[in-house]
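Two complexes follow with chain A in common, the first pairing it with chain B and the second with chain C.
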Partner chain A sequence: MRKVAIVGVGLTKFGESWHRGFREMITEAGIRALADANMPGSDIDALYGGTMAAGRLIGQEHITALIADSMGLNPIPATRVEAACASGSVAMRAGYMAVASGIHDQVVVGGVEKMTDVSTGEVTSALGGAGDQEWELFMGATFPSLYALMARRHMHDYGTTEEQMAHAAVKNHYNAARNKYAQYQKEITLDTVMKSKVISSPLKMFDCSPITDGAAAAVLVPLEKARKYTDTPIEIVASAQASDTLSLHSRESLTRLNAAIEASKKAYGQAKLKPSDIDVAEVHDCFTIAELIAIEDLGFCKKGEGGKMTEQGETALNSKISVNTSGGLKGCGHPVGATGVKQIAEIVWQLRGEAEKRQVKKADIGLTHNVGGSGATCVVHILKRGD
Partner chain B sequence: MLGSPSSWRRIPERYGLIGSRCETCKTNYFPSRQICPVCRRRGKIVEKAYTGKGKIYSFTKVNVPPAGFEIEAPYMLAIIELDEGPKLTAQVVDCEERDVKIGLPVRMVFRKIQESGREGLIHYGFKFALSK
Partner chain C sequence: MRKVAIVGVGLTKFGESWHRGFREMITEAGIRALADANMPGSDIDALYGGTMAAGRLIGQEHITALIADSMGLNPIPATRVEAACASGSVAMRAGYMAVASGIHDQVVVGGVEKMTDVSTGEVTSALGGAGDQEWELFMGATFPSLYALMARRHMHDYGTTEEQMAHAAVKNHYNAARNKYAQYQKEITLDTVMKSKVISSPLKMFDCSPITDGAAAAVLVPLEKARKYTDTPIEIVASAQASDTLSLHSRESLTRLNAAIEASKKAYGQAKLKPSDIDVAEVHDCFTIAELIAIEDLGFCKKGEGGKMTEQGETALNSKISVNTSGGLKGCGHPVGATGVKQIAEIVWQLRGEAEKRQVKKADIGLTHNVGGSGATCVVHILKRGD
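Here is the complex of A and B:
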């Protein structure tokens, strides 16, 4: 196995992108990542792309062929992977494995979702496909309702409050207000969250990540070749993935994600690091409760104390551990297939010291945590400066 | 839209709460499994009918429904833990949110779940009601 480094990343501005379609967004992110890597397209050996529901959202399948064509990268192999909201991270991991194994040298990884070309109802149904169509969605479940079921049980078992959850949204909007790529560059108050419309009790509008258009890309090379492209290579020191039951109800517990616990254990083992070594983390806050559970699953606090840790500000920018400096899915936006790759881009910028107004002072080691569905897939990556 | 067979083949499970059980490790499953994840090929899977009695494990009031459930909303959705062990997702009917608590006993009722558009199939199956 070879060591693998990230030498370039690129994002589009996240948001409602009426004037640009799927191909314009992913091509722009790809061009930015290649420019960031100072790499000519002719060096690229392979492409991996993550998108969740292009077939439902834009009526287009075969999307990595489209991307390779649009990027002018034919005839390189172009492979799509899909794992619902974790599609981007699974694509990253596919790219990582290709470079680590020696099969390819220079690989570009993309993640993209175009979500605003169909109605909100159609988006809700398409995203529902991340759960169990026959045994959850058929019965009237939605994604907010599945995470609401987790939240209700977390409140019951650990005394977590709606205010504690709301604190995650307030923090993530604060960070997003310092990120030029974020969908919502506006701070909010606890009151904004608590008084927002109830979507699926106890989750309110401001507990939920939005519908977003966006794309992200990253360029991977063997670490030994990284200096050819950049002075600041970022090494991928762990890449781990795990699965769990597709249905939430089939799990013993609703208040932890076994796939996240399993993937993070493997990742800490690969990197020979422990949770307290992590300076900055991008975690999957599709709903505020998901961030509370994520910081517990990742070992940043004890089980059941995610609410308390969040409320006490220990996950805020430059606190005990800076969580979701990009603004997370809540503030930066959640173009589903792009999210995992965006998390990587944010950590790369933090470790390079390029995160501008949201820069973490001590950012040596960063982690990404990307969840598919209600936890049936989880991918954890750990990055550190390659010097 | 899915064709009729996708609905018909689920009728025993959705109408009668027919799941499965592994005779080797005595674990009950709902919905049914073809292979026991614990025993794998040593497992012996047989059919298992559930009584429809259970309790509320977690619940939520869905105000923003998915396509097809607009006329139902708002509705109570819960994870039910059946007395025989497995958990499932179902609506809880004939109650207000304030009546529902984790741990309350419930029983299965047979109800219309949804329909495939104006001219499509009407799908029936299980919902739950609070036990009196």
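Here is the complex of A and C:
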């Protein structure tokens, strides 16, 4: 298999995008990624796109055919991949496999979601399709309530506090305020989180990631060809994916995601790296408790110490490990299909030294952790600067 | 790259499946495919699943996590791919790439759609998402009307008649009556088609494929390992995919599918074969006109002669080329996400000599042609008996 490098990335501004639709957003992100790669569209051999619920949210399936059409890339193969909120990362992994295998040379990967064209109730229902619709959503378990169960159990088993969770939100807003693409550009205090409205106890408004429109794209090529396009190729040194039961009630534990543990173990093995080698990580903080569990599952701290590590500032910018420098799902926003590709873009910028006000001083190796549903899918990528 | 073989296939009975849901159907097909391959589930390294509109039709996204869970395959990577009615074939192609690349060894590919849990109007709306929702469906152009435009133009340009189209339906019902998995088990006459209710002129009820529940699965392994599982491995000698504009109005011609021409050219090139080498083909007859255009696009006859070839019986069982021996989408049924995998299963059975009452006498090389929407995606696979 060939080594694979990322030579271009592009994002739209994340937020409530009333003035632009699905196709405008993904086309903008795609064009930015191609421009970043100094690559004409005619060089692209294949397209992979991640979106979770375009059928429910905009009435449109077949979205990569739409993207290829809108970007003028016909007749290349254009394939949508989906794994709920991990759709962007499974698209990345599909693109990685297409290039690694030698089947395609230049591949563009996109992730996109247009979430604000329907009511909040409809979005909540569509997102419920990431879990077990028959056994969870139909019974009234929306995503905030599923993650609230995980939070309660984590508090019970490890003494994790609401304040510790709130610290993840404060940190991620701090980072988002330094990211021009982020949905929220304002810092918040612990008080903001603790006094915000209860959504599903113990999770409050500021423990939850928002509903977001946005798109992200990346251009992948064989590492050996990368210098043709850029002086700073970023190599994908690991791409791993794992699955778990769709419904939370079937799991043996509520306080860890087996798919995340499995995928990260495989990824560390592929990259021949260990958790302490990672300088910067984008993890899936759909709720603050999810970030605490993520840093435990990824081995950045011991089991049960995610709350303490967060509270002590060891995941802040330029601390022990800089987590969610983009602002994460909480601060940067969470257009579900775009998130996995946005995580990749952020790590690429960090490793290139292009992350502006939120640049991590030592950023040699970065990791992304993207979760589908309540953990039935997890995808982990590890990136480093190409030699 | 490694050669890839199919060592097991399985289908559910296609039809209106009131007594079973989405997860029961795909699990049944998957278990049948594994049993056919004499393979325990624990041998499977990865799962790819094709479904078009589970979000709209059953409120469930993240369907391959569901399938992996339901089949007891956690924690393997489980990825949904989608390209409207070509979703089954893009899943096959993803599975093919995973094995060919050496990234995975034993891969199961599934295709499934549960369409009868919602009203016909809702199905029509969901299927409209295979075309350009903003420019076609929103303006009232449902799929029968899009294909009616193609039929009218084909009649205008080439003198194709309604009777010629009807012959495709008669042939496909004849074949379906010999396929125990088919939705329709009855032969029909030309009169049945010609006197059936007009849906979108010139297309009548019996020119249209039905709404169907069903699932299909296939097991892929490297050819070099195939004899461990079966005495009759079927090799995938070509896997090609292409895209075209999403909306019909953007095309330069209404009477051909550029994506089908492009994908089949690539496939013939990969397999080092020509159209006349194909003994048996499953083509995408979502409407009878689509079969006429398909046999032209695939080079089985000259441009414009699809009607004549069909009328003269040259696509019937054991004629010049046996087309849609399963009954096609028209006779066997069209559970959209399952269709591409069902086409593969039918060709596998034909090449193994296991197609019972519809067995083609000389079946050495087979082809599948699976179309998404009105032609924005086309996937072509060519199969032959493994050496």
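Worth pointing out:
Methods note: the second predicted complex is superposed on the first by the 387 of 387 C-alpha atoms of A that agree within 3 Å, B and C clash if a C-alpha of one lies under 4 Å from a C-alpha of the other, contacts with A are read in each partner's own complex, and residues count from 1 in each chain.
One rule holds in what follows: a contact is a pair of C-beta atoms (placed from the backbone, for glycine too) under 8 Å apart; a residue touches a chain by one contact, two chains touch by 3 or more.
Since the model is a prediction, treat every value here as computed from it, not as a measurement.
Once the two complexes are overlaid on the shared chain, A:125 sits against chain B and chain C alike. Once chain A of one complex is fitted onto chain A of the other, the partner contacts of A:312 are absent, as it touches neither chain B nor chain C.
Using the contact criterion defined above for the overlaid structures, shared-chain residue A:200 touches chain B, although it does not reach chain C. Once the two complexes are laid over each other on the shared chain, residue contacts for A:145 go to chain B alone; chain C is not touched. Once chain A of one complex is fitted onto chain A of the other, the partner contacts of A:116 are absent, as it touches neither chain B nor chain C.
Contact comparison for chain A: of chain B and chain C, C touches the greater number of residues.
By the document's definition of touching, both partners, chain B and chain C, reach A:137. Of the two partner chains placed by superposition, chain B and chain C are both touched by A:250. In the overlay built on the shared chain, the residue A:62 is in contact with chain C alone; chain B does not reach it. In the superposition on chain A, the residues of chain A contacted by chain B and by chain C overlap at 125, 128, 134, 137-138, 247, 250. On chain A, the positions that touch chain B within their shared complex are 121-122, 124-125, 128, 134-142, 144-145, 148-150, 152-153, 156, 197-203, 247-250, 254.
Residue ranges on chain B touching chain A, taken from their complex, read 10, 31, 57-69, 72, 75, 77-79, 86-91, 97, 102, 113-114, 123, 125.
Every residue of chain C that touches chain A in the complex is listed here, in rising order: 1, 21, 47, 52-56, 58-62, 64-66, 68-69, 73-84, 90, 93-94, 97-98, 100-103, 125-126, 128-134, 137, 240-247, 250, 258-259, 262, 372-373, 376-377.
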